[in-house]
Structures are given as C-alpha cells and as structure tokens.
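Below: the structure, in structure tokens.
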Amino acid sequence: MNPDETLLAVTQQLLHVTEPEQAMGLRHNGVMPSVEAIREMMTLITGVIFPGFFDRETVTARMRQYRIGMDVERIYGILKQQIGRAVVFCEHCDAAKSQAAAHDMAVRFVALLPEVRRLLLTDVEAMAQSDPAVASHVEVVYSYPVVRVMTHYRVAHALHTLGVPLIARIITEMAHSDTGIDIHPGAQIGEYFSIDHGTGVVIGATTIIGNHVTLYQGVTLGARNFVRDENGVPVDVPRHPILEDRVVVYSNASILGRIRIGHDSVIGGNVWVTHDVPPHSRVQQGKLIELPHFTDGAGI
Amino acid sequence: MNPDETLLAVTQQLLHVTEPEQAMGLRHNGVMPSVEAIREMMTLITGVIFPGFFDRETVTARMRQYRIGMDVERIYGILKQQIGRAVVFCEHCDAAKSQAAAHDMAVRFVALLPEVRRLLLTDVEAMAQSDPAVASHVEVVYSYPVVRVMTHYRVAHALHTLGVPLIARIITEMAHSDTGIDIHPGAQIGEYFSIDHGTGVVIGATTIIGNHVTLYQGVTLGARNFVRDENGVPVDVPRHPILEDRVVVYSNASILGRIRIGHDSVIGGNVWVTHDVPPHSRVQQGKLIELPHFTDGAGI
Amino acid sequence: MNPDETLLAVTQQLLHVTEPEQAMGLRHNGVMPSVEAIREMMTLITGVIFPGFFDRETVTARMRQYRIGMDVERIYGILKQQIGRAVVFCEHCDAAKSQAAAHDMAVRFVALLPEVRRLLLTDVEAMAQSDPAVASHVEVVYSYPVVRVMTHYRVAHALHTLGVPLIARIITEMAHSDTGIDIHPGAQIGEYFSIDHGTGVVIGATTIIGNHVTLYQGVTLGARNFVRDENGVPVDVPRHPILEDRVVVYSNASILGRIRIGHDSVIGGNVWVTHDVPPHSRVQQGKLIELPHFTDGAGI
Amino acid sequence: MNPDETLLAVTQQLLHVTEPEQAMGLRHNGVMPSVEAIREMMTLITGVIFPGFFDRETVTARMRQYRIGMDVERIYGILKQQIGRAVVFCEHCDAAKSQAAAHDMAVRFVALLPEVRRLLLTDVEAMAQSDPAVASHVEVVYSYPVVRVMTHYRVAHALHTLGVPLIARIITEMAHSDTGIDIHPGAQIGEYFSIDHGTGVVIGATTIIGNHVTLYQGVTLGARNFVRDENGVPVDVPRHPILEDRVVVYSNASILGRIRIGHDSVIGGNVWVTHDVPPHSRVQQGKLIELPHFTDGAGI
Amino acid sequence: MNPDETLLAVTQQLLHVTEPEQAMGLRHNGVMPSVEAIREMMTLITGVIFPGFFDRETVTARMRQYRIGMDVERIYGILKQQIGRAVVFCEHCDAAKSQAAAHDMAVRFVALLPEVRRLLLTDVEAMAQSDPAVASHVEVVYSYPVVRVMTHYRVAHALHTLGVPLIARIITEMAHSDTGIDIHPGAQIGEYFSIDHGTGVVIGATTIIGNHVTLYQGVTLGARNFVRDENGVPVDVPRHPILEDRVVVYSNASILGRIRIGHDSVIGGNVWVTHDVPPHSRVQQGKLIELPHFTDGAGI
Amino acid sequence: MNPDETLLAVTQQLLHVTEPEQAMGLRHNGVMPSVEAIREMMTLITGVIFPGFFDRETVTARMRQYRIGMDVERIYGILKQQIGRAVVFCEHCDAAKSQAAAHDMAVRFVALLPEVRRLLLTDVEAMAQSDPAVASHVEVVYSYPVVRVMTHYRVAHALHTLGVPLIARIITEMAHSDTGIDIHPGAQIGEYFSIDHGTGVVIGATTIIGNHVTLYQGVTLGARNFVRDENGVPVDVPRHPILEDRVVVYSNASILGRIRIGHDSVIGGNVWVTHDVPPHSRVQQGKLIELPHFTDGAGI
C-alpha cells in the first residue's frame, strides 16, 4: 500500500462524522470534561483528607496551612470548570440553569469535604478492626484499596446527589480501574464500611448499605433482572439489594435484586442470594463446603 | 555489610547473564519494543476514534482536522518502528522478510482504523442498550471499561491478524491491567459486544463470539484442559468456547472447553458449563438460588 | 453559598485535626514514606532484573554496565531513605535501633537482588510451560501479569522479612492495583510459581506455597474465620492454607483456613475447600458441571 | 530568629499591598498576561516560518501540512487570550472596545504571518551576503542571533502596530535577553536588514531604518536627550535616528538624536554621531586608528 | 577508532582526578550547591515580590494568601539547604559554625524580603520616570531588564552581606546571563536605581552608588589596576568608583578606579573617566561629537 | 476578518514553499540537526568535565563511575546522530563519505574530551589568577561566564576541526546567547585563556590567540574589511588578529584586521588598533583619560 494515499484517505474517513456517531451524540463541538483534570482534583482531595500521606515534596507543618488552603481553592476551581462542561451532557438537567449553577454546585461540594473526611475516617477504622494483618491505621491508609475506592465513591456520591452524574461516574470508574472495585455513585453507603482485597466487587446504582457493613473480594450486589419499558429500554428503578447494619458478606457471594439482608446477618462465600434474609441470619453454601468430591480420575 | 563492596558485587552479579536467561533468550542485544511507545500509540488511537473525549488541551473544531491527520501520522510512525523491533521475537515469522514488511504492515494497520472505529461504535451502542444506569452514550465512552478494553482488543486483534503477536499481547495486557478484563488478541469477537463491570472476565485465545453478545463481571471463557505434545508442552489448538449471536452470560459464570453456546441463550450467574448448549437455552444454577440455607449456628 | 466564606471555613475545618485522626495516629509531623519514590524504586528493580525490556531510552550493550551500576546505587539510596521514614510506623520495631539500621537493611536488601532475579526467572519459566498461548519467554516478561506481581511480591517479601512491613505492603498493593492479584508480603512462595490471567487472586499473609504451584484467576487462599483476643481484636495467627509442591488450583476456587493441600493435587474451578486434601487428590464441583439445568422459562 | 514567627510575619508583610504598589497599579485583580504563553507562541511562530529547523520530534513532510495548520490555530488561540488580558493595561486603548476586538486583532495578526516570513527571508539573505564566515543559509537560520531577534522584532512590530504594545514589548525583551540586541517594537525597519554578532545593539522606539542596512555589535541608535513636559515627565516624540538605504554602521558606533544618515553611507567603528550625515559619506574616528600611543610605562 | 576501547578509555581518563583538579579543589565529595535549586528560589522570590506577573497558572486573589505563605516557606527551605552546602566552600567562613548557622541565616534572609521589595519598587519607579517609551509601571516590571537584574542583585547583596558569597555570585551571574548586566553582589547600590537597555554594563565588587542614579548600556564601573601582594595575587581592596546621588552615566562610558563622581553630575557617552569629578559636573567627549570626520575615501 | 477563512488561507500560504526559500535551500526534506539534542550533549559534556557542579540529583562518589561512563556513551550517541544529520548541509564535505564517517568522527571527538578538560582547567586557573574578587576556583566554575563560553568553544573548535562546522556554530551560538561572548569555532585559542565579565566580546573566525591571554568585556578581535570575489561575495581569508602570549586587552578595545599583537603587550580600554604592535608594548587612549572635559553647559 502507498502510505501517502492511505494515510490521507484514513484521515479523511476519520474526520467524517458517521451516522452512528451523529445518532449517539458523540461529536460535540464544545470543550468536553477532562478526565485528566478530574484526576488531578481527586489527587488534591485525597491530599487534603489524608495530609502527609501522598505528598510528592516535603511539606512542613507550617506549610500545611497554606497547602490545604490552596488545594481547597484548586479543587473548587477545577470542579467549577468541569461542572460547566459536564452539564451539557445531563439529559435530565436544565442545562442553562445548571450552567449558571455550576459555581454554586462547586461551592456546595467543597462545603461537604469535612463530612466526606469524617466518613472516610470511619471506613479506615472499620478496615483496621476487621483484618488481623493490619499493623496500624497508617498502613490502612497507605495500602488498603478500600480507602482509595471509598474516597472516590464518597466524593462521587456527593457530586451525584448535587446533580453532576457524569463527573461522578468518571470518578468511580477511576477507582474501579485502580482497585477492581466498581461502586456506582448512586449507591447509598453508611458509616464504617470496609472491603478487604476487593477485586471484583460490584455495588449497583440503587444499592442501600447500612453502617458497619463488611464485604470481601468478588462480592456482587447486583440486579436480578431488568424492567424494560414498551420500547425495550431498561428502566432505572430500584433493583439492587438493601444491606442493613452489621452485615458481613464473604468472598464471591452474589446478592441480587431488590431484596433486604437483615441486620447482623452473615452471607457466606460463593453463595447466591435472591430472596430477603431476616436479621441475624447465616447463609452458607452447605454441602459443597462440607463434602468436596475427592477423585483420582483423569481430567478436571 | 559494607555497602561499597556489596553494591559493587551485586552489580557484577546482575551484569552476569545467567544460564536460565541465556536459555530463555531474555538477553537481547538490539533495541526491544517499548511499552511506553505502544501506550502512546494507544492513546493516539483512542483520540482519533473518540475525538474530544480525551484531549489534554483545548482542541477547536478547526484544529480537529489537523490534529487527526497528525495523529494518524504518529500512529503510523510509532507502529512502523515497534513492528521493526518486535518481529525479531516472532518465532513463526520470517524475520528478514517481516523486517522489510514492517513498513507495509503499519500502513495496512492504519487502513483498518475506520473499521475499528465502526466496530467500537457498535460496542458503545450495545453497552448503552444493556444497562439501565446509562444516562447517555457520552457517559458510556467516558466511564465504561468495556470501551477501553474493546479499543485495545480490536486494535490488538488487527495486529495479531497482520502478524505482530507480541505487540498485540502487550496492548491487551495494558487493558487487562486497567480494567481487569483479559481478552486474548487471538479471540474473534463480533459486533455489538458489551461487558458490564467486567472485572475478572477472561476470554481465551481461540474463543469465537458472535454479534450482540453480552457478558458480566467474572465470566470465564476458558479452556477445560490442555493437549500436550510428546514432550509435555501444551499445544495451541482450539480449546475455548464458541458463543453464537445474542448470547448473554451473567456474572462469574465459567464456560470451558471447545463447546458451542447456541444463539439466543442465557447462561446464569455462577454456573459452570462444559458441554454444548442448544439455541434459545437458559442455563441456571437452580437450587442454590431458590433455597439458600439459613442457619443461626456459629462459624461460616 | 458565598465561596469566600465557605472555602475559608472548609480550610479551617480541614486544618483542624479531629479526634479520630488523633486517635488513629494519622497526623504525623515528620516526613512520611513516599509512594512515588517507592514506585520509582520498583521501576529500577524491574529494570535491573529484566534489562532491555522496560527501558525508556535506547541503552546499548556498552551502556548497560553503567546503567545497572547506577540503578543499583539508586535503589539503595531510595530504600535507605524510605526505610528511615517507615520505621517510625512500625509498632513492633525498636525505632531508634531501626533508624540506625536503615542503612544496613538497605544494603542487605540489595544483596538479595540476584536471588530475587533467580527466583523470578523460575516463575517466567513456569508460566511459559503452563500456557499453550505463550509464543516465547520474551512474551511472558512483556505481557503476563504474573511477572509484574511476582517481581513486586518477591521484593516485598524480602523487605517484610528484613523488618520493613509498611513499605512491603505498599509495594504489593501497587501490584494488586496493576494486576488484580493481591499477595500479602508475609506469604511464603516457592520456586516456579505461576498464575494465569490472575484477576481476583488473593493470597493471605500466612499462606505457605511450595514449588511448581500454578493458580488461575479468582483463586482465594484465605482465612476461614478469625481468632480474636479478649478485646475482640483479630489476632495474627496462621490462618491461611499450605499448598505443597506441584499443586494446581483452577479458576475461582477458594481454599480457606489453615489446611494443607497435599502435593500433586488438582483443585477444580469454583470449588470451596475448607479441609485438608491428601497428596495426588483431584477435587471438583461434580454435578453442577455434569448436569446444567436447561429451561425455557422466563427470568434467569 | 524564630522561623515560625518570622515567616508568618514576612508573609503578612508581603500580602499587604504597600502604597507604592497601589500608586503604580502593580496589584491587579484579574489574570495578567503570561510570559510563558507568549514564549510558547513565539516558538510556534518560529516553527511555522522556519519549518524543520526547530522541531523537537521528527516531523515528516506529510505531517508538515497538519503541523503548520495546527500551529497556526494555536498561535491564534494563545494570542487572542493574551490580547484579552493585555488590553487592560493599555492606557491609550479603549479597553472595552479592545476587549471586544481581541478576537479580531488576533486574526489580523495571523493574516500578517506570510508577510513576516517574506521579510525575515530577506534578512537571512542579507546576513548570508555580509559575512564571509557563512557557509550556507541553513547556518544563518541555525546560528545567527539576527534571525532570532528579527523574528521577535517583526512579530512585535506587527502587534505594536495592531495596538498591543505590552505584548510587543514582552516579545522584544525575550529576544534582547537571548541575543543582547535590544530593538524597540515601535522602530521601523526595512527589508534585508542584518546585524552581525550584535551584542549590545540598541535601536530606539522612533528609529527609522531603510532597506539593506547592516549593523555590527554594540551599535546604539539612541536618543540624544529628552523633551520633558511641564511636570518633568519625558515625552514620547521622534528622538532616534533615520538610517536611509544601504547604510553600514560598524561596531560600537553611537548615532544619537533625530538625525538622518544619508543612503549608502558608512559609519566607522566606535564613532559618536549627533548630526546629519549626507548620502555616500564615510565617517571615521581618525587619529586614534592611525596613531595608537605605544608606551612602556607602568599602569594603563 | 574502535568505539568500545575508546569510550572505555575516555571514561577511565575522566574518572581519574588530575593534579590540577586536585590542586584547585574542584573534586568535592559531598553534595554541592545546586544552580537549579537556586534558580527555583529566585523564581519564587520574584513571584512573591511581583505577585501576578509571572504566575504559570491562574491564581485568584483568595489563593494569593496561601500561595505567598507557601512560597515563603519554600524560599526558606531551599535557602537553608543550599547555604548548608555552600558554606563548605567559603574560605573565610567558620564552616562548622556556619553550618550550624545555616538555619539562622535563611531566616534572616527571609526577614529581609519586605525591604528588598520596597527597594525594588523604587527601582521600578525610577525606570518609569527616566524612559519616555514607558507606557506604564506594569510594562516596566514585565519588560525592562533592570527589574530582573536588580531583583537578583538585591537578593544577592543581602546574601553576600549575611555571609553566603558563593550563592550570591551564582545569583548575580544568572541575571548577567539573562540581561548582559554584570553587577557584583558586593557592590552597594542605593534607592531609585535604573539602567536602560543595559547590555554590557559592569559594576565591580567595591562600587558604591547613591540614590537616584541612572546608567545606560555598556557603562563600566570598573577597576583601573590591581594591587597585588608579594606573590602577585590580586588583593581585594576598594578599587571601583563611588557615584553620589543623582548621577547619570550615558552609554558605553567607563569610570575606572576608586574615584568619586560628585552628586548631580552627568557623564557623557563613551567617555573614559579615571579621576574624581566634582558635584554638578558634565563630562563629555567633546570634539569627537562635534567634529566627525567625513571622508569619501575607500576603506573604513 | 473571518477566522475560518483567514487561518485556512494563512496555513496554505505558509505551506507553500516560496521562491527565496527554495533558492536558499531552507526547505529540507530529511530530518535536520536538533538544537535541543545538541544542548543536551553540551550539558552532558559540562557534567563529565566538572563532575558534581551541575548535577540535578544527588550523585554519590560510588555512582560517579557509572554516571561518567553512561554520559560518555550518551555524548557519543547524540553526536553520531547529529553529525549524520548535519553533514548534508556541509557544502565542502563529501556527504556520502562523511555520512559513513559520522560514526568515526563521533569516536574521534569523544577521544578528545580529556584534552578538552585539561585545557579548560587551565582557563579556570587563569581566571582565578586574574580577578581579585575570586574567592575560590569553585566559585570560578560556578559563576564565571568564561568557563561556560570556553567549554562551548573548546568543544566546538574540536568539532570544527573534525569537519562538522554547522554543529560547531550552533554550539558557540548557544554560549553567545548565554554569555554575550561570541567566539567563532574556527578561532585558535591557547591555554590559560581568561575573559572577565565578557559581555560584548567578539572573536572572529581566523583569530589566533596564544597562551596566558586575558580579555575584558566588549573587546572585539575583528576584521577590518572584507576581500570580495568578482561576484562581490566576501571571501573567507585570514582577516582577524594574532595575539601572542601574555597579551592583555582591556574593556571595549577593538583590534581589527590581520595584525599581530606582540607578546607581553597590554592594549588599553576603548582603544582601536589596526596596525601591528611590537612585543612588550602598552597601547592606550591617552588624553581622553587624562583630560576629561568638564563643562556646565546644557545637553550632553
């Protein structure tokens, strides 16, 4: 192939906006939200909530006061700009009004930061209490993915509630990529929440979780099936479980549908739950645990 | 220990090429493929396919025409160079010939970019149709890992087919690291493919997937066992499943071996399938769903 | 809201050290370990162990000798500094003594690098032997996540043994984030260890693994339950499994508690094992594999 | 001194806007012009005028077309933004009107770029003709400071004329810092202008220079004295020389005041000229050249 | 030549510390002052003295308070570190004592910053008063080299006085490189000092300059000859001129030796002064100005 | 103006290669020498010649051995590449042959580095001996522009002699920009050469300078007039002065034409010399020094 012709032709083809792109609204003329800017904002938020842990340069105690002040300003500045870009893509939003409100929404978000910090500290405490391998709370902040994912979730949930769903989703997906834990920003999660290991955990958009709940890796809090409208389009109704206070769910368990797991229940590993569970229950997989089949035969 | 002596000794030991390194061919004198360059190429490809979404700087509509042209040139330039470095490691390739053909292979790849884009747009559409939490196609591109993993897979599959398997594998592993979804570049995947959440999904090298197929997190499309040659070395024969059109596989299901899942079938969560399944089937785990064991006893 | 007042107030609130932060010891006046510096050290270690694979710039064979020497020095320099920062957070360490010993520990670690390399080369060899899709050992180093995770684990285990548990945990969590494989630095793992795909694998702190062991994605080597002291605090006792030589564990299997899996055993996919298994056993999930339930009914 | 107190006190003092700062208008609340952005714009302009000479990365001929298009867009984008910031500081400008006109002024400037290039090529030609050490025109572009200073001057003069004097001055001062040649953007300079070596050359704001004029290092085209108004403030009237076509001025000569140097004249090195000089003159320092004083005495 | 041998041999030769290097004390085992760190400190100092002019990113008025506080901390931190490195090279310093005093010297320097700012504002005012081409004080700060060189000189003079001569010299040489104006940090310069154009100006180490003094480009305030000791080594005695208040020195004039130029005097361009000048004098070059030699002959 | 049309039109105009560009050979299809790469090479050379002075990061004595070896390799690598690009522009070179010889020329250059270092150390020594303000040789290396300019000149002269004049000129112009000292790479300069202050110094291409020569700021060693061929093109013949050993030239003196300044002579400041000067002479400006004209009249 002749590169001169091919590359020119490919460029022309890629410049051409195809019908599906048009139909899906993927070619937008304005400036779109910047994933990189949002990532920088999350780095700043993590820094003001856990000062000292993630500094790139040496920051003395005297400098801390200025640093936090400046970072709060930067968080506000980035968010205001990104909200202004994102509201355009919010179907349910009154864009004109939201655009005007971007400034206000950014201030409201910043005002929530101390509460976000308070909640995250309960998560750190919960994690430290639930893993015998933990040596210190400092270790939890440095090396437990739940801290990273919950920082992102709690920020994203605040933004989701304030009416910036697109940015909220970008933020939780960042944490999903880093930790393998996928929490939808619409989920409601109480205090003292912990997840150990966590890879493969999925928490759906309408999930409600109480206080002092603990999950392990691979747990799915998912939908059992979808309600579709007359056009076959899935409808966004409550379809994920409710976990009451002090529930523990062991690894790879799946809890599906708008069911309620009563407080102080324990869901065993690998089980598949699709009905309500009363308080103080213990659900387990039974025979498969007790009676593994030992064979000497060939092939598995 | 004396650092002067120790560090000098360690340096000497590390400089020494050990017998296993030699035997495995890990010390190569020439310049090897650069993961960083390949990553840059993937960033450029993502940018020309989804213009506006991942720009670092403001790019106006007028600039777009130049930007896409320049990025297509850069993609070509990086790929040509990396293919030239990679063919050396291709056992089944005629290196001398391939080296000469690096230029041609890079042009051929670039010529496929519009088709890669077309396929990816069907994946975006499929994802938007299958999740009730989706607010817009823009949200899908920004925050669904399937878009990222399929961009990498579809590029890697094109390179695999063109005869650059090492670079193809480096590319899919990048996406595996980011998304927890591990698709081998040799797999064949049709249009309108979607994966929700996705962490833990594995799609093996000889898998064949039709159109309009949907997977959920933790699904394995794997091998059941290996054929080994007389020396005990595993042989690369078709050993992964075939999924026909409109198959849905729910979370954590395992479909193993060269079996065929007939079109319009649904494989339920957590099931383990090792035999063919006829069209329009529904496979589920039965009792465990219907009859969880509730107990109040101690220990799980 | 008035941004002037709000941002000032939020800054003051965030500057205020809350009681939980105080109680958990999260506000530390000195300089804390730098995740970024530790990441740089891991990049350097990866570079001296697999020279040529991850170079950013062209490095000729003549330059290699200088490059490895310099990188060994840098590894030593970073580690010495980070140990000095980390020992403060080690509850069981004699900080004063350890501080003085930071220099010595860093030298001891560097002296272990050739052995770390030797072990990693056995892992590369094992991986190449166990996957029919592998084309060359070079491909394994470039694109199998097990190489990345084992480089981090083997370094972290050395540091854990030398008495720097916090840095060790930060290192394994880096690999967990990249690969979805979570290996605690305290685990003991023999030679020729391989993990294919790997997303979701968890290997607990007191696990003991022999030689020539192979795992697949989603395998948990976990604890069954915790021993707690009189205050309800979990105690760090042996609670994870022992896998003897030549054990294979297929995808999503869970092996829980201080049990022993005898040598040359095969644990099938998705099984849940909580009792000892004698040598040469084959454990599998039985009926679910053989008898999937086919139905034509609605819902899954 | 106590650093805690001192640094806090100094910060407070520096935050306080002193009376002179207030009086001089140095504390401005809005965003001010960015020297760094203007520097980037000059780098882009230099690149589109002399393509290939100052590329950081390899740019193929095919890429050139996109690159120039994109860089022209960037030049326009930066300039529009910087003009918007700068007009605030223009005392003689109708700021409101100019702000609205920033867009238009940036377009007008870009439209002048081809003429700027034409003029600069005459300067390159002139330089190549006047120095026997020149090997090629390529060498002139790469290594003669006159090219750098004239690129900056010709751009700055265009901006000065369009009504953006502050940005124009920032640009010529950049070149002054790099080359030691200080040309005011208000000066008028014809075609085929060359300066050899150039360090120390000063060309004042109301200077008028014809075509084919050559200067050497240390030449001053300055004012002889100032006209001041009733308040003693210097008045900006024509006060620098007029050099007609084909004038040559040798090193360290000073030509001062609103005088006219007739065409085809030669001004010798080190002379001091404060009166008109008719065409075809040769002005030299006479005796000092012919009769140096030789002595054997001590001291100089 | 064989590159393998040559490069190895050259490396060995360069590693070898030659006798002159040894004798001159150029191979120092410890860490030496970092020009780059000092440059960063000067950027920070310039930023706190002229806030808003040289910001790279947008800094709002609210952020200013934090920014200045943090930058003052950084200035202190860099300086303390660099003084600690530099005192080793100060022959006349009691290194041990100075090392201990590095902390104190850095605090003392920071305490001088408000006074440095006050003096620089007088220089800006003086420059604005003396050039008819100036449109605003803002233009002076942005584009007159005297502001840059005096910021460096006034900082360097403070450090010189506090006893850190090496860092002081590095700082003035930075400004010399940028502006062509070479002021020794030991010189004493009063308020309201201005230099127009400035390239080639030299102000020697023992120069004393009063208030409201103005210089033009190429002015030398130098030594006439050196006093040498019995070994022929030049001795550092007062050897540069004293300029009293309100002296103006026009371009390229040389004032040499420990002479006194009386207040309110004007030294004309290009003159060479080696004797005292009484107050209110006007010194000029006379005939050469009045009677240029016009000739029509060949050659210059 | 319409920006859409204007920017498109300007891009087209700039893409068009005009006749003068064509005639001057300024549009070159291949890759041209990179000023940035050459600058990096000079940074590396400065680093191996004055180890420790300009390190960006901490380099221990143990690391030095590796660092110098690696940097020598890098110097060689950059130079080989840049020579390959530059020979195309050498009119007097046999490009084909030179291209083949690029490798050899780069080796030859590296082999000269120890001699370049030896010569530079004599320059440092000379500078330290001639300025009473010098506190240590360390100060000279850090802060005297002569060290910077002579490092560039001595490297450039070596390259000029080896037959790479274009790169040589780019290098000396870098130093000219930094220091205001313009030395042509063709000039021949002996040992123990020093320049104080230096701004404005010009040393022409055919200048010959002996040992132990000292210059001050503003000195021109230039041509008096040009020999032109029948086409009026200046011819590159010996036209600059010869300075024998131990000559001192004070500030702003001009020595012009192919004249000889005898050994041990002193040329006073501001003088203009165009004839031979015998050994042991002292040339000075006489009356102007002794008899300044004092007046009280108006004007200067």
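List of remarks:
Letters A, B, C, D, E and F mark the chains as written, and numbering starts fresh at 1 in each.
FYI, a contact is a pair of C-beta atoms (placed from the backbone, for glycine too) under 8 Å apart; a residue touches a chain by one contact, two chains touch by 3 or more.
Only a predicted model underlies this, so the values are computations on that prediction, with no experimental measurement involved.
Of the pairs listed in C-E, B-F or D-E, the one whose interface repeats that of D-F, with over half of its contact pairs matching by residue number, is D-E.
Of all residue numbers used at the contact between chain D and chain E, under half are used by both chains, marking a mostly different-residue interface.
Computed centre separation for the pair chain A/chain C is 23 angstrom, with centres defined by C-alpha atoms.
Each chain gets a centre from the mean of its Cα atoms; for chain C and chain F, those two points are 56 Å apart.
Among the residues of chain F, those touching two or more other chains are numbered 3, 7-8, 58, 62, 65, 69, 73, 180, 199-200, 218, 252, 269-270, 285, 300.
Across the whole structure, chains are in contact as follows: A-B, A-C, A-D, A-E, B-C, B-D, B-F, C-E, C-F, D-E, D-F, E-F.
For chain C in complex with chain E, the residues that touch the partner chain are 3-4, 7-8, 62. Within the complex formed with chain F, the residues of chain C that make contact are 58, 60, 62-63, 65-67, 69-70, 73-74, 77. Contact residues of chain D toward chain E in the complex are 1-3, 6-11, 13-15, 18, 20-21, 24-29, 31-36, 89-92, 165-166, 169-170, 172-173, 176-177, 180, 182, 184, 186, 199-200, 202, 204-205, 218, 220, 222-223, 226-227, 233-237, 239, 250, 252, 254, 256, 266, 268-275, 277-278, 280-286, 299-300.
The touching residues of chain C, counted against chain B in their complex, run 48-56, 58, 61, 64-65, 68-69, 72-73, 76, 103-104, 106-108, 110-111, 113-114, 117-118, 121-122, 124-125, 128-133, 135-139, 141-145, 178-180, 197, 199-200, 216-218, 224-225, 251-252, 269-270, 285, 288-289, 292-297, 300.
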